[in-house]
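Let me begin by presenting the structure, written as structure tokens, before commenting on it.
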Amino acid sequence: MKQFTSVHDIQNVEALIADGIALKNNPYQYKELGAEKTLGLVFFNSSLRTRLSTQKAAHHLGMQVIVLNVGTDGWALELQDGAVMNGASVEHIKDAAAVMGLYCDIIGVRNFPTLRDRDADYAEDLQKQFIQHCKVPFVSLESATLHPLQSLADMMTIAENATKKKPKIVLTWAPHVKPLPQAVPNSFAEWALRCGHDLTITHPGGYDLKESFTKGAIIEHDQDKALKNADFVYVKNWSSYDDYGNTIGGHDDWMVNAEKMALTNNAFAMHCLPVRRNVVMTDAVLDSNRSLVLAQATNRVFAAQIVLQKMLESNF
Amino acid sequence: MKQFTSVHDIQNVEALIADGIALKNNPYQYKELGAEKTLGLVFFNSSLRTRLSTQKAAHHLGMQVIVLNVGTDGWALELQDGAVMNGASVEHIKDAAAVMGLYCDIIGVRNFPTLRDRDADYAEDLQKQFIQHCKVPFVSLESATLHPLQSLADMMTIAENATKKKPKIVLTWAPHVKPLPQAVPNSFAEWALRCGHDLTITHPGGYDLKESFTKGAIIEHDQDKALKNADFVYVKNWSSYDDYGNTIGGHDDWMVNAEKMALTNNAFAMHCLPVRRNVVMTDAVLDSNRSLVLAQATNRVFAAQIVLQKMLESNF
Amino acid sequence: MKQFTSVHDIQNVEALIADGIALKNNPYQYKELGAEKTLGLVFFNSSLRTRLSTQKAAHHLGMQVIVLNVGTDGWALELQDGAVMNGASVEHIKDAAAVMGLYCDIIGVRNFPTLRDRDADYAEDLQKQFIQHCKVPFVSLESATLHPLQSLADMMTIAENATKKKPKIVLTWAPHVKPLPQAVPNSFAEWALRCGHDLTITHPGGYDLKESFTKGAIIEHDQDKALKNADFVYVKNWSSYDDYGNTIGGHDDWMVNAEKMALTNNAFAMHCLPVRRNVVMTDAVLDSNRSLVLAQATNRVFAAQIVLQKMLESNF
């Protein structure tokens, strides 16, 4: 595997999920594989779970990890080809990515969207240029539009808990206090559909996701109706794609609570964390024995590990 | 050992001190003990000695270390149970600590007091909730009210240098330019008393420490009188407990200088560092051959190491 | 080797360059040498290449690395001996360096000049005091006036690419948008001269470097004339030494482009990175097959590694 930026980089998703789950029996079984290899983690934006779980995965594989926090170091990159760099940018991504690739055997990058310029965000220019110039295997640690390591962990969690072949999964929009990226729901949708799950997406009007990620899912604007017979309820806020980066306000009644979970088929509740309790979901849902949020967080380690492992095994 | 938050977590303090000192002969003798174990260090406040000495201790034990700087990453935690999280907090401590516990085998946390709300600071709510929710062994890297790793290092230093069974130790308040926590003196007092040392605490009026930490010590408001016959002089500024977090001003004559040290029994001078030279203590005292400040700093490594080792040995 | 702060710390420069290049065949050949050794990296200023390449070098040698970012942690050091520390400084360099030396086997420090007080910058007081008080081997990661690890990497790159014994090397000033230190050109000049290269330095009037670094080089104010017959062109901006830290403005025509490179003996183009493209040098020069900028960046790892290795081998 040379890059992991979306489900489209994977040929056999079911095998990847199964291999990731199998690692949990003996996390250090491949600890010689990463000897003398360096993983570089570049954070343009802050990170808790991704940072820690990816470092842990690298430790399991015996890799060295170098972390670069771009935000706090104020390392402004130029993305425009041919730019006369007489402004704020101190280095061109061409040079920065090329140098990182000289020092690291695998590179992971996190970069959030601006939520202002939709075309620029969805072009994923920073990621594409990083991949082009670093020349080593590349792992997305969440990009402007997708969060594939989260989605892989989510699919592993569903696989471990599903009691039927084609469970009904509901991805529901939920309220929040500020505009959030569409990366997690975009990514969840395309992974769930690729896994062949029965996916329903529910949200208020104005919050449609980009169609290319959701094609094949049922879109249902009545949340109660959507939740009927659900086996898994994936809760997540996102800002508008159409009215890009904005939120319409209101819709507090979309918070997922025990009454709403009672409409389901005793469904599991999922969220990628961090979650604003009693805004997005109630304490009762998060702390119930049907909550999978910590199982998802655990699987973040093994999702990262199986991806790194496949990259190490392919000898680049 | 499941937690190390104060002297009350230790059954046999003398044995712990002796075991810590014994590590110095061969720091890497237990380097297999921490193989495949991860130590998570969470800094809500800045740190030099604690950060470096704890990392070094973990290296001695063969552990992997993951560091999270909360301050610079702006990770605001909610502590209130049942809170509707529509404000500044992005994650509840319940979830944050639980996730950290999934990724780490031992967790260390540093959090300073507000110095504004005494009841809140002394309730040690952040630490208690972290311990409750992370579910793995927990080491205080200095909390709102105590600094047990510093105190253990201090007791090791006293044990290595004492020439009598029950040395006279004087903990003296000293001037400073801004209000400081009571964590170091609170902690030093309860460890020295538990060790059975002859402890005198001296400070200007208005700087009494909380009685529960100092019960058994002699409180003497005349610094010169207190210093008489001292074998060890521990110098430290702290802000007022009664007029919480404030400083009264003045008292520059409480700076510890060579004249004051001359009142003692050729005492050793101690300070936890960092120290503002010629405000708290003079150069002459800090640079004399009776200064133990670097010996204390050295022992920070082995204090951390013996605590981590006891946790690793107890197999959690 | 006890310290690496300039070319004057090296007895046999040619041998050091050759040994550094030889490491590239098998970077991990000395991976047992640094076992149980800790490298402390202290960054008073930001760093990408130096941070990553030095960490990578340490990994090659099996050393543990501890990184301290002084800037973001706000750790203001007092340098004045005997100071009454009632101001902004929280710790004296005496104590800070001594403690770092207790925890680390080798220490590297990066500190930039103020560009305001020339005497203070050129006194290299912070570096000298760090060396005096830390008492362990010391590596400059770029100081106020020199960048010896960069220069060593540059000399390795020249050695690998030169086709004659005494190549003509031109160090040319180039435009920039803000005042930069003289550390890289000072250091490059003294290393190139020590290696016996034929060195010409060209810059507009007012940008003379301090003579002690350039004695033996030809100084030529006509850039075109200087470039004639050059085998290597090292491009770098620097601010004025005479009108200290200032820039005169203008001189945009000093940017190195393809037309200027055509005046040379098909010279290689060099720059230490980061580079502002199309201000300092054009894309055409940086992206040509005569550009050595990535080769220089690669050699940063092995320059750091050979220095650390010599320190480890000398058993301190």
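Read from first to last, the chains carry the letters A, B and C; within each, the first residue is number 1.
Keep in mind that, in the parts below, a residue touches a chain if its C-beta (ideal position, glycine included) is under 8 Å from a C-beta of that chain, and two chains touch if they have at least 3 such contacts.
What you see is a predicted model; the values in this text were computed from it and never measured.
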Pairwise touch network: line, ring, star, complete, or other: complete
Chain A on chain C, rotation in degrees - Cα superposition, rounded to nearest 5: 120
Shared interface numbering between chain C and chain B [over half = same, under half = different]: different
Centre distance in Å when chain B and chain C are each reduced to the mean of their C-alpha atoms: 40
Residue list for chain A, restricted to those that touch at least two other chains: 72
Residue numbers on chain B that touch chain C, as the complex places them: 28, 31, 46, 48-49, 51-53, 55-56, 59, 72, 177, 273-279, 283, 286, 293-294, 297-298, 301
Chain A to chain C touching residues, read off their complex: 36, 38, 40, 64, 66, 68, 72-75, 78, 82-87, 89-92, 94-96, 98-100, 102-104
